[in-house]
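Each structure below is given as structure tokens.
First chain A sits with chain B, and in the next complex the same chain sits with chain C.
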Partner chain A sequence: MIKKLAISTAAMAAVIGAPALADITVKLGVLNDRSGVYADLSGEGSVVAARMAVEDFKAKDKGITVDIISADHQNKPDIGSNIARQWYDVDGVNAILDVPTSSVALAVADITAEKNGVLIDSGAGSTALTREQCRPTTIHWTYDTAALANGTGAAMTKAGGKKWFFLTADYAFGHSLEENTATVVKANGGEVVGTVNVPFPATDFSSFLLQAQGSGANVIGLANAGGDTVNAIKQAAEFGITQAGQKLAALLFFVTDVHALGPQTAQGLSLTEAFYWDQNDATRAWSKRFMDTHGAQPTMVQAGVYSGTMAYLAAVEAVGSAADGKAVAAKMKEMDFDDPLFGKVKVRGDGRAIHDMYLFEVKTPDQSKGEWDLYNQISSISGEDAFLPMLDECDFTKK
Partner chain B sequence: MFELLGIPPQVLLGQLLLGLINGSFYAVLSLGLAVIFGLLNIINFAHGALYMAGAFVAWMLLNYLGIGYWPALILAPLIVGAFGIVLERTMLSRLYHLDHLYSLLLTFGLALIIQGLFRNYYGISGLPYQIPAALSGGQNLGFMFLPNYRAWVVVASVIVCFGTWFIIEKTRLGAYLRAATENPVLVGAFGVNVPLMIMLTYGFGVALAGFAGVLAAPIYSVNPNMGEQLIIVVFAVVVIGGMGSIMGAIVTGYMLGIIEGLTRVFYPEGSAVVIFIIMAIVLLIKPDGLFGRPA
Partner chain C sequence: MAMADKTTEAVAVAQTTGMPRLHKIIFSVLLAALIVLPFVVYPIFAMKVMCFALFAAAFNLLLGFGGLLSFGHAAYFGGASYIAAHAAKVWGLTPELAVLTGTAAAAVLGLVIGALSIRRQGIYFAMVTLAFAQMVYFVALQAEFTGGEDGIQSVPRGDLFGLISLEGNIALYFFVLTLTFGGILLLYRIVHSPFGQVLKAIRENEPRAISLGYDVNRYKLIVFTLSATMAGLAGATKSQVFQLASLTDVHWSMSGEVVLMTLLGGMGTIFGPLVGAGIIVTMQNYLATFGAWVTVIQGVIFVLGVLLFREGVVGVLARWLKKPL
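Right, the complex of A and B next:
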């Protein structure tokens, strides 16, 4: 009885209180790959994550009406740009989320700055988003190629992998990942003994792997992504390269890729991620809800969409409106976030979200107790060490 | 020891062998295309999707029914072949009296639908499929480590390719088939069931794609796009060999695998386009392909 009364009082209070609350409407657009190579690591899962964020933020109770739409950019900058323009001009979108594929993300970042929206990027890797092409309205949430290089590259060089041979996907992303990693390797006393540029996408890596084997390197750096990395690792195991003592460094690898390979083939592989579902009680609880809706465990990109959306909504609430993207982005840079998935997060003046990164090793089949039980955590890397220092000209809090 | 363009001979030998392995896949796939085109005059764009389906069927047999690699090597091509027969009976057979272009468009559309369905149910990342225990490990040949499974791929593809060539070119059944291509009405008048033969031929060509899919499953990523990436190259192989030429498809398949392998050593960036450059040159010099007869 008392409980019932309490509920109805609360409901009444809500009804009476509603007009007094800020009446804010927010429209979010999740723009990512829904059919191509990155569809599993971003795709519909990112939309699910954004919806969960709106739910967990209790936006409705705070007088914020949030509408989420989504589209497929097919990893093509022209298509992504068109959608972004239409969203800002016609559909009244306030912020664009996710945007994997660096070339698309960079195009959307420009349009976002022009239209005074906010881009909260989770899926793209290029450091240019917060450096060469930094914009006041860009927030880069989850990871970048420098953080991956500082994680996997530094850890493996320090562990004795001094001679590196790179298999590089022959396009902008692959070259940037190779360059970042090579810098870290050299800084830690290692050397690069060779590189082969592999046409993208490729199915057969055996020729390239044999060249790497003949080079006398002790680490083979895979500066590629998705199906290319899966094929390279599968074939390295087949040709006895890993058994012969050469180590593989998958420089960009997601939990969905490891799942595709299975622990039998992927065991012992080191990789860097910002999030893994089985890290603590909070990540497990959230991931279980995600799994129930989506049918797969979340990747760090999808978790980043959740966490970035939470942070964005908090800033919108603080500003009192989503209309001025620059103001919301500036507010995000003032706030401190303590997130169930990423822990403490601080957004820097250049839009780079600073949080811990983690070095994982793929479990052996004996250690793995389930389909998704795939990683052992080796170490954590503090955000300051993982990400590149801020460029002065990109510090938008000063201007 | 002598070196060729700065490449030690043992490395070269290794790359030749790897090229031969890749060529095995090209040969089996282009053979299926050549059989279908040569005998049915259908440009089967669904070939890549059916190759992918072969790999997925092997995965399904293992994960849903517990059926391992060796039975799958027989069962998956049969299942894919049966599916092909359904396609032929319900759709393709209606297009025989029309231009090639119609069957090309139909099979292209089918390929997109099949890929889309698999992508919808299984995602894009791919599924794990292990090398069968009997073929894991490998031999050290001195100049390279040859995985047993790759050796098996070469052996299996050579047997299948030359078996097919023998049936079509050297047996009575093959003679009927070739005759039916030349003049279906006359062959039918002799009491041969031509529609049945055409249906089974399409089923057989498609089953070859399924067979290549099972061969590929343990070494390549089993994902819905695996066929899409390969089919264009395989079409180039068929064009170079001469559309419809059985022997041409087989020999060109192995040959281009080797050329591509060598390009990967001398100029890796160009390895994705070398086959198309050769295709352009062949089309300029000998438009009917290396083994094709002038139309």
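Right, the complex of A and C next:
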């Protein structure tokens, strides 16, 4: 009897152990903005990136069947959370990807924890995802506002931009962005010579820019986002601020925004990103494939969806099933990833993915050789320096 | 609130007149359908439809029966959702008390804003309400407790009366069904009470109503407050369903959405706003996979609605049947 049992156990172990026979189905949901302000930087491009990840992971050869669905949350948390719940409850989705817009991301993070899925967020910037509202099933892949503030603030101050002046969008987000950056600037020996709160949303920045120009600052920090930043940069170009020697630093800005403005307007602007298509051979090769399908160069958010999906699939393969989101997320935190786009990535206990960030400066029209030839890389910031330290109560690997 | 109480008394007196048989049948069928609904479609989606149906019905009370076009109803809807979410999350109130707190806040807000805006008419009235709604939006954006653009997140669903857990979707569904269906029946009573008759008289001919001795401004203020209160009930309920309150609910586009729902379904009809809310929310939900096409399709449907059936879906139906719906 015991012998029989031993034999059958051994046989079972052999079956389970055979990797090629693993029969895993995974359903991924790409939830992002497909019609509003973030449609360019996430949108359909993120779905393309997720498909490329499934292809490159060779999921089929490994016996993993991956199904990708997508939806538009229209930047409304109620629509986003409705879709997320429905995906988990009815459609059997295992992981939700991308989710720009903090309010939607935070809502989806809660639902994901409740339903034991995995949220791999690439598009949202809120640090709350891995701090105040950290959840064991949340992985925050690409960036957060603190890392951008840290990257730009530290790197520029070290490079000689000691005196800062902030144009701050007058609401919680703007203030926290300013505060994060100001702390870093001061820690690196710089000083803040002035701050002006700009009503949100704003179209006319002229009086604020004049104040900034007259303040004697080396760097003007734009603690705002989206349309506000675009307006501020356009008007700064009209005042010739960067040509006059002051540096303009955008604290939350994407390559698609720079592309829309063009190097004539955006020249000299400093910004931090996690990825740029023209960094090395690997990013260029991948971006070319992306361009061929999507018709635009990838943003860091879209690249983040790709590498986040790769990492997720690797963890699913290691666990042997996608059913238990908590287990998959825990596995992702154990593994080391070497990614063609983000380089070495390590996921911390709180779900924060740690990788290098880069400070870029927008090229002048003379330097730019093509429509998408936009950035000069100034420096790289190591992940440990860029991201905020982990909060103890958010370290889920301990529990 | 004192005024609102008086009205509920009036409603209770008028109750004896009863409702037409057709309406009774429709309400019964509707209730039966709603009881079965969560077992057929996704309950969260159904709850969302009901919240918006109540919101649109509350708005319709003001526009369809009072003849007042408010362009700031998101203030009461969203304001109540913030207060209810805060009450449930920070003060730890049970769901029914949280909803009540939110609704009461909307009533006070409606009373104050109403008292100031009914002094003007037509486009000026709409602009004043919009201006106040924008002020509420900025408070929601700036205030400490609202969490800025992140909103109030992870609101606990809690236990009804401290006893019955609402964690399950079905339990929550019947809580929401009771609130919204009750709210819609209350609105129905208000419309068919003597108070409602006076309202319609004011809508049709204000100078005549004044000459008949009615204190028009008082009636307007009461209907404004009632409408704001019911919109608040809808918003507070929604915050419990989605466990969040966010800027979307106080944004001016939400005020626009409720106008769209009411017009599409049929302004001044009983069932129109419910149908309109159903159509719009269903589109937003089921067309979400089409991405950018949602807003385009919504626009096309609205244009078709205005061109082909100006009285709204239910309005056209009522004309065919030659019976008020």
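Assume the second predicted complex is superposed on the first by the 370 of 399 C-alpha atoms of A that agree within 3 Å, B and C clash if a C-alpha of one lies under 4 Å from a C-alpha of the other, contacts with A are read in each partner's own complex, and residues count from 1 in each chain.
What we mean here is this: contacts are C-beta pairs under 8 Å (C-beta built on N, C-alpha and C of every residue); 3 or more make two chains touch, one makes a residue touch a chain.
Quantities reported herein were computed from a predicted structural model and do not represent experimental measurements.
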Which superposed partner A:Ala236 touches (first chain B, second chain C, both, neither): neither
Partner chain(s) touched by A:Gln133 [first = chain B, second = chain C, both, neither]: second
First, second, both or neither for A:Val54, with chain B first and chain C second: neither
Chain B versus chain C as contact partner of A:Ala39, first or second or both or neither: both
Partner chain(s) touched by A:Met332 [first = chain B, second = chain C, both, neither]: neither
Chain B versus chain C as contact partner of A:Val362, first or second or both or neither: neither
Common interface positions of chain A, toward chain B and toward chain C: 35, 39, 170
Complex contacts: residues of chain C adjacent to chain A: 42, 44-45, 48, 141-142, 147-151, 153-154, 169, 238, 242-244, 246-249, 284-285, 288-295
Chain B - residues contacting chain A, complex: 11, 14-15, 18-19, 21-22, 116, 119, 123-128, 130-131, 138, 144-145, 147, 149-150, 219-221, 223, 225-226, 229-230, 261, 264-265, 268-273
Complex contacts: residues of chain A adjacent to chain C: 34-35, 39, 43-44, 69-79, 81-83, 85-86, 89-90, 102-103, 106-107, 110, 126, 128, 133, 170-173, 200
Of chain A, residues touching chain B in the complex: 35-41, 170, 196-199, 201-204, 206-208, 210-211, 214, 226-227, 230-231, 234-235, 238-240, 244, 256-257, 259-262, 264-265, 296
